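Here come two complexes built around chain A, the first alongside chain B, the second alongside chain C.
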Partner chain A sequence: MGGKASLAALGGVGFLRTHYRQIITAGITFIGGFYFFLEFILPAQIGEFKFGKYHDQISTGVMVVGAMAIGLGIINILRIHGSAILKTSRGWMNSLALLGGMFIMLAVAGSDLINSEKSVSSWKYLANLQTFPGKVLEDFQTKSIPAAERIEALGRFVGQTLDQIAANQGPLRRPSGADKAGVEFSVLNADLLQAGAHALLLAQEYRAAAPDLARIAALSRELSASLKSAASAAQKVATANYENAVVRRVQRLLENGFFFPLGAAMFSLLAFYIATAAYRSFRVRSLEALIMMIAAVVVMLGQIPHGPLYVWDKLPAMRLWLLQNLSTPAFRAVYFGAAIAGLAMSVRMWLSLERSPLSTGDDK
Partner chain B sequence: MMEHATPAVIVLIVLFVAPVLYFIRQAKQGAEIFIRRIAGIDAIDDAVGRAVELGRPLSFTTGISGVGPVVYACLGVLRYIGRKAARYASHIFVPCSDARVMALADVTLQSAYRDERKFTNYNPAALRFLSDEQFAYASGYQGIIHRENVGAAFLFGSFAAESLILAEAGQQIGAIQVAATASPEQIPFFLTACDYTLIGEELFAAGAYLSRDPVQTGSLRGQDIAKCVIFFLCLFGIVVESVKTIYPAIVPFAISDLMVMSWREWAAKLHWLL
Partner chain C sequence: MAGEGMAFFSFAWWEIFLGGISTLAVFSFLYRENPFYRFFEHLYIGIATGWGIIAAVRNFLWPRVFKPLLGADLMVFPDGSLSQPYNQAYLLFLLPMSFGLLYYAILSKRHSWLAQLVIGFELGYAGGLAFKGTFIELLPQLFDSFRPLYVPGSAAESLANIVFVLTLTSSMVYFFFTFKRTPGGIVSRCSGVGRWMMMGCFGAFFGSTIMARMALLVERLDFLIHQWAALFY
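Showing the complex of A and B:
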């Protein structure tokens, strides 16, 4: 609902004239801010009313807007680098590598996501069905709802699952290799066969002229137990198949073999940059630079616990004093100033007090 | 984490927000509000001028900021720099790590070019979405700065470990750099690698300084009063805690307890006092 509301609001506002658009944007901003303001200053619950119950819907709305923005990012990349390739501009091969990498990652990550969804749904059905026999019995006793057809439908579903397994297709196919997942596959087969047999017996019992409720209850429990065990085995089989799939392995290779090491390589550059930055900052060109250098030397030497550079036993205490009594208060002052400025900016945004940098018109 | 405000927090919010709203009203009514000179903001004009003279492009980034007050403050500066770029027909690049921020920066730049009646010169390719992954973004930024031989780089926003990588990229090609961040951990890196650095709240003051918009200047004065409130609260805390250490019987409460007391606890305490 939150997502639909966000889409409708965005779509509607887009067609309005600028003046009305600004009024509506300011109104939505105010209402949104007012909700969160009230949510913060009022207690969690007033009588029966709980503020937090709308959070999921609002979060969904925000996520929808964010998801559309990711589309904008991809369009921007395609436009910039696509045109560089078409015009064979300077560095067009870099653009080609970027777009190639992006499409490969999109394809692999998309396939992996679909496989993951299929894998989870394959055992979730079985897990959800384990309470079904009990529910059927309850309905049979309290509402006189015919039960035999429902149990037969359950039996047909179990049969279809067995057929899929026999065809060796889908997320519940036989895992490659004779490891633990292979054992779980055998357990899954046995549990499903048992569940099918129980379902057959249970349906027959429901169809009897004088159903024996004690036997029905016992059979229902056994059917539930078989389904529960089958769901547990199916989860292990599906997970093993998912993890061993080619797509998953390619995904792992791209992430662990390319993406993370490249990020780590960029991060490692910092070590060299810090050295050059330290050299620049420690050049004594003024009194302030001299004081800063002395403080830095004290902090660095005070950090050393032992060894040849551990020149004086008072240095660790001096280092601590410098950090706790000079550095920390200075940082806190910066935090205070930034927090107050952020609060003031938030109030101005919430109440749409200032002229937005996004609006058009001469102001200077 | 505090999810709902206690009475003490509500009082603090009122103490901080009331002067801001009051001085905004005063400024709108025409009161003169003095803003001290901030060298880093004055340097923006110099940096743009130097890049234009050298025929090198400009670059403006908001770092890894998501949509929020920090980005909103940065957009005011982007608009100012965008207008300068439009006026002097200079190229500007805006590398972004957040697609939503890119959309906002796009509209801001368009507005800047419209204001200068140079919208036909606006190039949508100025906006570059790089990556929302921190170091992929840093890598892309470095590439743009080096390839385009940027003359002036503006780093306004929230930054993390990538700050020095970005600042060193400009330093290596001799670009004049102005940085502004409210992330205190990154300030030392910018101080060493950039020509000018705006510290903490100066980032938020930049918009007011550049536009002289009464709402923003009034807000700035209100913020100063709010900081005075914080100063006196610190002083009060020091006095109370000192007295409590010497004469524990005189002060039978801890200030930290007052901050987290609920409405019910306050009612009980006031009832006891009365």
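Showing the complex of A and C:
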């Protein structure tokens, strides 16, 4: 008797736990859509309050939640195909190809991403640096912040960049090959040397007992101009180096050797099967089949720009008329129904009336 | 010809060579399902997965989340000062990131219900967003569908509009099951016209699809004949 009571009590606790979990899940599901629902129905501004002020940040935040599932996909692939390889079960070589392809692409495209970021930041840094002399001058005049050390730091940075270039290191190294980037490399060197010289003169002027503000302003402008010109040349040099890097070429090899041709061939393969489907569909056995065949033939022949199958110059206009006045409204009729059904389904999911996506064995 | 002037066994040479092998591997399916095809099919899935993951990082996670979160978009001037102060509000991204980690609870039998929270949240988000998405797409098409049946001075445009409205209404009636359809009745006849119009629409779609696939096939065959085969002569 006591045992039965204990079992019943445990069952009751289990039911309550499942029930509360369902309530929490339904609540979070509702919260997930509530902001976007309000954002749609409420006006953009209510009195002083601007409702969509942080819309981009909130949207990004919600997308981040979904993006976290990327790792889950990798884990699942590893579990399925990893176990196939370890057990050497049937088709394990295919699993090896899948995992090998994925990891090689991850490594190569990941390295390419890092290289791309380094390349862009190298010239963007120089481009942004052109505002620095003006900022130093402004701080010197308005806040009396000592300027000489700051300009000397800029001069040191320019010197370090030149040292790196001389050592043929980093994204701004001399591009290989005698292309246009080689000329830009010489311009970059000259601009950086000029910027270094201007920085030296500017620092000396700031250190003077009675700094000449007009000369400082002129030197600041010249320094900014040198940095701007250097940034423009650096962009071309860094881009050339990035495009010619081994990682970039391997990435292109994977894309042009496997990814794009395999994708295009997979889709073009359907052309053969669609031809047999066309044969079956176009056998005129009813009025509907006849209408379908005429429409398809007009659209296909109307899309041919020239050649032996270019049979009549009115066909392109007929094709367009058919697409605009027959295909569009018929598809629109289907779409209206599907959109309303989709909206109804979305509301059911949002309000947790549609539980199938979240159902587990516990729900029953 | 692609083969002319191309250094033997250079990166460009390998790109074309492997592209041709990949294309032939897929076309080998036309004979029958074979190990060569299966191997390249799996390779494609693997490469596409890796490419997709990096594309998500490159286009979204790095520039819009991690870069501002880590302050990597801020510029440190040579004197150590920042171009602009770090915006601590970006730390709030840690909340959705932590919440998103609940997806991994699905791997544990005991805590798998926690994954339902985040799946539910995403479903709710999709549901809430559907209001805006549906109406933004639906309403302009709805307004555009109310066309004048008589356009003064343009019989062609009037005819086009009549056909448009007739096709739309009759196709909608085909999916309209509220009234009982009696054979030979107006709803039944209208529904029949709608079926013909939709057949015309499906035929047009079918024709467009065939042409799109044919364009891809022609491109592949052109590649094989003029670029890949050119490597060998």
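Here is the rule we use: the second predicted complex is superposed on the first by the 267 of 364 C-alpha atoms of A that agree within 3 Å, B and C clash if a C-alpha of one lies under 4 Å from a C-alpha of the other, contacts with A are read in each partner's own complex, and residues count from 1 in each chain.
As a convention for this text, a contact is a pair of C-beta atoms (placed from the backbone, for glycine too) under 8 Å apart; a residue touches a chain by one contact, two chains touch by 3 or more.
Computed from a prediction, not measured in an experiment: that's the story for all the values here.
Undergrad: Using the touch definition from the top, say if A:245 reaches chain B (first), chain C (second), both or neither.
TA: A:245 contacts neither chain B nor chain C.
Undergrad: Comparing chain C with chain B, which touches more residues belonging to chain A?
TA: Greater contact footprint in residues on chain A: C.
Undergrad: Touch test for A:150: chain B only (first), chain C only (second), both, or neither?
TA: In the superposition, A:150 touches chain C alone.
Undergrad: Applying the document's definition of touch, where does A:353 land relative to chain B and chain C: first, second, both, or neither?
TA: First partner only.
Undergrad: May I ask you to decide whether A:42 touches chain B, chain C, both, or neither, giving the answer as first, second, both or neither?
TA: So A:42 only meets chain B here.
Undergrad: Considering only the touch criterion stated at the top, classify A:60 as touching first (chain B), second (chain C), both, or neither.
TA: The second partner, chain C, only.
Undergrad: Let me test your reading of the model: by the given contact rule, A:280 touches which partner, first (chain B), second (chain C), both or neither?
TA: first
Undergrad: Report for A:85: first if it touches chain B alone, second if chain C alone, otherwise both or neither.
TA: Touch partners of A:85: none, neither chain B nor chain C.
Undergrad: Answer with first, second, both or neither: which of chain B and chain C does A:341 touch in the superposed model?
TA: Touch status of A:341: first partner only.
Undergrad: For A:197 in the superposed arrangement: first (chain B), second (chain C), both or neither?
TA: Neither chain B nor chain C is touched by A:197.
Undergrad: In the superposed arrangement, what residues of chain A touch both chain B and chain C?
TA: Of chain A, residues 39-41, 65-66, 69-74, 77, 91, 94, 259, 262-264, 266-267, 269-270, 274, 278, 281, 331, 333-337, 340, 342-343, 346-349, 357-358, 360, 362 contact chain B in one complex and chain C in the other.
Undergrad: With touch defined as at the start, can you tell me which chain B residues reach chain A in the complex?
TA: On the chain B side, the touching residues are 3-5, 10, 13, 16-17, 20-21, 24, 69-70, 72-73, 75-76, 78-79, 96, 98-100, 102-104, 107-108, 110-111, 114-115, 124-125, 127-129, 132-136, 138-139, 143, 147, 161-162, 164-165, 168, 182, 184, 187-189, 191-193, 199-201, 203-205, 207, 211-213, 215-216, 219, 222-223, 226-227, 230, 263.
Undergrad: Would you tell me which residues of chain C are touching chain A in their complex?
TA: 11, 14-20, 22-23, 25-27, 29-30, 38-51, 53-54, 56-58, 60-62, 64-65, 75, 77-81, 83, 89, 92-93, 95-97, 99-101, 103-104, 106-107, 112-113, 116-132, 134-135, 137-138, 141-142, 145, 160, 163-165, 167-169, 171-172, 174-175, 194-211, 213-214, 216-217, 219-220, 223
Undergrad: Contact residues on chain A for chain B in the complex?
TA: Interface residues on chain A, with respect to chain B: 39-44, 65-66, 69-74, 76-77, 79-80, 83, 90-91, 94, 259, 262-264, 266-267, 269-270, 273-274, 276-278, 280-281, 331, 333-338, 340-349, 353-355, 357-364.
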